[in-house]
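In the two complexes that follow, subunit A is the common piece, with subunit B as its partner first and subunit C second.
After this line comes the complex of A and B, so read on.
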């Protein structure tokens, strides 16, 4: 039986619900101009109870359960992906625009005009070859030309410095600050959620920061339901930095950069080859380290519970994934003994451990992958008989009925063998001592597909050739090529026909200056470099060098003997392997996950390599290999008129035909050289990539391809034109991304933004609802009034 | 028998083709952003016709390559092999690459814009369904 006065409760709750909705509408209207504000709504439910003995149920009104935000996660994800692409395109366009300012010869007179000036003065001089004043004019314009080339080179170099500084001093610190802010917000949000409230404004702030972060780096945001206390679960936000590919276990290479309120930081550096790198260092005490330790401990405990005796020696552990849930761990040079039911299982090699868990997180199965490196084999006579092939064996040990096993056996290690200190160093407690097994070696090299970091790295590191992306390096190389060609062509012409003795009169084209070197300040060079380039002047050039491994590499059967007949060790395997690692021929996978940083090359041998046949290499080591040249000097900035010409120790050789005193054939040669076509050479990208493996076809010096054939004017005009086309293309890319980002943003606003018309309509709707609820109360009051005050009065 | 000049002609035709395709793709993107189904439909029809032309050009290119002994080689490899800038200039190859990249970028943007519109339409349909349907626990 429904209570007589229950209707009043219904009316009161209806009033309250409508009032809440009106308040929320007011809050939305008040925040129409607040940046990042997400439209809110009061979520209502109908109150009802089910009573079995009633024929029908009448509800008890409505109730506001919570205030929620109206967001579309799809649009958030799309926005963050697209804003990362926009960030990259935007930065590339900015840098290209800076370069355009350098190469722009329409708004200002520049290199092309100065080349014409040199041509004019040479023409004047050719008409007056005996007049020194005209040669001085040539020298003056040549000097201006070199200074202009210097200036261009310095300006391009300034663009590089600015881009680097902007990355290191502004962008990276900004991102680190964002990581901290998001981490701090996550903490505040978790605390608020623990108390049962919904910190909507904090969500908005966090979303704003996440959107901003996405413009720098490609990210993926996940919410993981995390139980903080029994019965209290919060959505912990994790942010992954997206990386290409998967690791050897098939896990994503993505890097967890924010886990709840814990985050690491990015650092920038410039390596020995002048390439800019960005690394990420995980925070001390980061959950992934903690998780690795705790899961290892659990693993050991579970093994112990399953009647295994475990001994651990010389253990090195490294988390293979950056995910909070570590699914696999690599163990280097470990020696494990697992005994169960009296059977000893000893695995003494590099191997990986995997374990499977059930839905409760209990370890149910342990698997060892034992990888044995090739071993030297000997025939019956004891002679070397080649290497065995590498083997990989999977041992799986199911741990069944763990819950029924109560007898624990003593482990030789502590029951909690792993620990981590405040510096992030992981320790293992063995019977004898506490050994550090890994320091906080979580600095990771990163690749960025999108975001402004990707744009910066692309502009700073890619030199471009053919169809590859043309970064700042391409324009530096163009100027270097131009400067070098100018010096080589003019120095060559001026040195042709120069007599061995400056006092000789034997001027013939065949009588080339024997001391001629186009790059140094030797007689009769007109141009030189303040710091002469050597042969390795091409940007990113690969050069042939003696292969240091060649000295080590001998037939393993070959042995030298000392005077007493004892074998002399002539093969330093550790050094050879280190060299192979440095060259990228042998990589980390050959050490089962141990990086070359942690490898002790003084002790390693070929037998320690896994899954890698050394035979191919040992017997086929080339005498010379291609290695990357030293980073190029920016020698376009060093081009100058030679000191000898400047000091009048020598000058332009007017004639090489030995003609009369007024002969000018060599000056005409120079004029012709300015107008005629030259081959400006560069190397094919394949040539540059040919370092990777000795099996790759080697491209020799003769395989230089011409990057451009034309005059000096045309070469420079082509460089400007390439830049113009690149700018045009990138502007289009930028425009496309901008259009799309705007489109998504509009869609987001239509879902999450405050619309005054809609809120106005809501005001009327909730006001009417409120009025109706008030009317209900009046009606009920009147009904009760009738019962109480007007009924049963007859006869009184 | 074809010559390198024919290959160069094909390269030029492909560059023109990709540039035209990009113009069409830009119209397609504009139509998507304007939410103009008729224009989008028209662009798609034109593009299908263009794709047939591309198939023809590609077959011709393969035939010429086969005859010149460059079967299964990329254009870049051919240019390096020929190493004759006057007949087969590197610039042409770069221009083709540039035109192709421009098209792909536009195509990607258009695809994303279409996906976005589809998502919004889906959401809108769902919301209309919820608003316009009266659920009853009994039938009248």
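After this line comes the complex of A and C, so read on.
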């Protein structure tokens, strides 16, 4: 039987539910313009009880169970994936636009016009070769050209600096701050959830930060149900940084960068080759190392609890290190063996824990090796007598100190032999001692597929090698190549008339004069590079460029003797070439139709080398390999009109045919040089750096990143066109991503956004429900009033 | 699909921004008269434009060169004509001295007159155009011609070593021949090509501006040992006139040779004229090329004004309409109609 006054409760709860819904509607309207706000709704249920012996149940009204958000997690995933691509494209476009300001000469006068100006002055000079004033005009024009190249180089360098600064000073700190904020929010959210509340606004804030984070780096967000206290679980948010590929165990290379409220941080650095890197350092105490240790111990515990006498052998722990920091811990166990009840158990668990994310680090190996495996026992008669027990002996090699190798350690008997201290250092407990096997911080080298970090790294590090992306380095190298070629060609022409000049236009080993002394002989260079790093550097000559052999000397009389003074090797051309090929000094493609597989080094001679004039040269005593000079790498910023020309110590050599005062054949050569084709070969900066050490000349043809055939004008116009095309393509890519992001944003907004029409209708809906509930109460009141005040008065 | 208030506003904002951008871009086209403002907007046209600009500037250089050379050749032609006039006068004087002068005194007077005209010819042959001697061939800095102590003509390339133009020594003649052949090429847009792998210019690919006075005045000797150079002939004539009595046959021979030399001057002038005509034709061709190139540049880089203004008007209209739509869709919602 339903209680008389229960109807009032129904009305009161209906009033309360409607009021709650009205409040939620108000909240939605109030936050229509709040960034990241997700539409909320009051979840309402019908309240009823079930009593078995009753024929029917009338409900007790409605109840607001919770306030929830209307959100589609799938759209969040899509949005974050797409926004990462957008972030990358956006940054690439930004930097390319900066470069466009330097290189785009379509609407402004620039380097191409100045080249034409040089040509014009040379043409004038060719008509008046006897008039110094015309040469001064050429010089002035050439000076302007060099200054313009310097300026372009400076501006490109500024683009690099700005991009680097923006990454190091703004983006990385911003991402680190986001990691901290998300971590802090996770903590607040977990605390609120522990108390049973739903911190919706904190969810919104976290989602906003996650969306922002996704524009910098590619991430994957997971929610892991985590037990904080018995019976109390919360959804702990983990954020993984997506990485390419899998490790040798088939596990994903992704890196956990936020685990609940603990996160690491990113750092940027520039390596010795000028390449920008971003590393991630995990927070101490919350790393995959912890997990590895825990899993190892669990395994050992499980085995021990099953009464196994554990023998571990062929257990290999590998740690990948970078700058003495452990970047990952791999535990690779070939097999475990255990003996129980006198029976040998082979446990081919192939247990492996791997958290490697990067194969690039230096690998330091740590091995645990069982010294005595169980083996069959035989009695005096030679009959089988069971197995010997496994002895548990360890070899440990602490990773922090390779010299600290201890042998014959007994297998740990402690139930948890592996441990980690508060600094993150892992220890293994043997019977004798506690050995550290790693140090703390885990610093990882990272690859970014998308996000603005990827865009920054791509622009900063890519040199347009082959078909790869053309970053800032490409344009730096184009300018350097241009400057080098200008100096090389014009110095070559101007020195062509100088007897035995090492600067002729066709600069091969044949016409190189080895007696040339740069300290005493003055070349008639028109262009030089300021502040050259080495006096031996031939201005305008790309040492090692075309003919790497040129830079090596071989002594034909070379003989090597053993300890007793007997010759062990005499000079042999084939061996010499083989050596050069093996060293990567000569690429085997230099041999016409011969590959290194089919090449018979015992018969080949230098004459077989195509493209090289090396007969007059002697080659190859490995110990005597030397590098001619260390060339500077930023030619474009150092190019200048030579001091000698500037001070009129020498000038343009008008004629190399011994003509009279009106002869101008060499000026015509220069005019021709400006108009005709040259082979512009560009090299990666790494190449230039790698030859700085004479002990390790890593010179291969592969280091030449591109070659362009054309005139100076064409070379520069091509650079401008390449940039234009890249901008064009990237804008298209950016537009595509923008459209996609907008679409997803629309879809998100469609699900989670506030619609005023809808909220207006909700206002009416809930108000009417409220009014109806109030009317219910009045009706009930009237009904009761009838019973209470009007009944029993019949006949009165 | 559910449509939210902010979604409508955001999409409207995107659309309005696109319309504004288009209007701005069309406005820029009209203002700058350019089809594209950056290489990225139209990379292939930009590449073409760079090529055309380079060609245009090079053609302008060639036109400037050809104009300068035409002036030089005009000047050379004028000086040569002057020498020719003097030669004609000398020829007449020679005839009169041979046939009309009966006395030693009158022959001496002719001798003095011819001697003076000889000096005039040398002066004309040393004429300058700007800073350069016109008839020095490859030598433009130093006075090419001078008379030695005996009044014979000498030629030099360097201002130090002077060679008698009628020196019978074959080695000297060889040197003079090389002076006469020495060329000075300039680039007039004929391609400027070199034999593959060398610095040897293919002569047809450039224009030789060298004018050597030796070709005009003559050098070397005839088979009979008589100078071919008209100045030396005049000198020999004067010397003979100063002898009393002169060898009339010898004088006649000199005059005959002189007449042949004077004809050579005419040939020389004709040759300069031919080269001048060629230069004029070249200039016309280059002017035409420049015009065509500039037309192409305009076609490639510049807008069609009517089209650009139409585009601008259209994008302005589109932008205004977008603004009006905004006013309609953003102002009201269901809430405005609630009671």
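Details
One rule holds for everything that comes next: the second predicted complex is superposed on the first by the 528 of 796 C-alpha atoms of A that agree within 3 Å, B and C clash if a C-alpha of one lies under 4 Å from a C-alpha of the other, contacts with A are read in each partner's own complex, and residues count from 1 in each chain.
The criterion applied here is as follows: contacts are C-beta pairs under 8 Å (C-beta built on N, C-alpha and C of every residue); 3 or more make two chains touch, one makes a residue touch a chain.
Please read these numbers as outputs of a predicted model, since none were measured by experiment.
Of the two partner chains placed by the overlay, neither subunit B nor subunit C lies in contact with A:479. By the document's definition of touching, both partners, subunit B and subunit C, reach A:725. When both complexes are overlaid on chain A, the residue A:74 reaches subunit B alone and has no touch with subunit C. When the two complexes are overlaid on their common chain A, residue A:709 makes contact with subunit B while staying clear of subunit C. Contact with neither subunit B nor subunit C is seen for A:214 once the two complexes are overlaid on the shared chain. Touch criterion not met for A:159: it reaches neither subunit B nor subunit C. In the superposition on chain A, A:124 contacts subunit C only, with no contact to subunit B. When both complexes are overlaid on chain A, the residue A:84 reaches neither subunit B nor subunit C. When the two complexes are superposed, the chain touching more residues of subunit A, out of subunit B and subunit C, is C. With both structures placed on the common chain, the touch criterion links A:740 to subunit B but leaves subunit C unconnected. Across the superposed pair, subunit B and subunit C both touch subunit A at residues 725, 751.
For subunit C in complex with subunit A, the touching residues are 1-7, 10-11, 14, 32, 34, 36-41, 43, 46-47, 49-51, 53-54, 57-58, 60-62, 64-65, 68-69, 130-132, 136-142, 157-158, 182, 184-187, 192, 194, 197, 199, 201, 206, 209-210, 301, 333-335, 338.
Those residues of subunit A that touch subunit B in the shared complex are 72, 74-75, 78, 82, 466-467, 684, 686, 703, 705-707, 709, 725, 729, 732-733, 736-737, 739-740, 743-744, 747, 751. Against subunit A, in their complex, subunit B makes its touches with residues 29, 33, 76, 80, 83, 85, 90, 93-94, 97-98, 101-102, 105-106, 109, 112-113, 116, 119-120, 123. Against subunit C, the residues of subunit A that register as touching in their complex are 32-33, 100, 104-107, 112-113, 116, 119-120, 123-124, 126-131, 496, 505-506, 656, 659-665, 668-669, 671-672, 675, 713, 717-718, 720-721, 723-725, 727-728, 731, 742, 745-746, 749-751, 753-761, 763-764.
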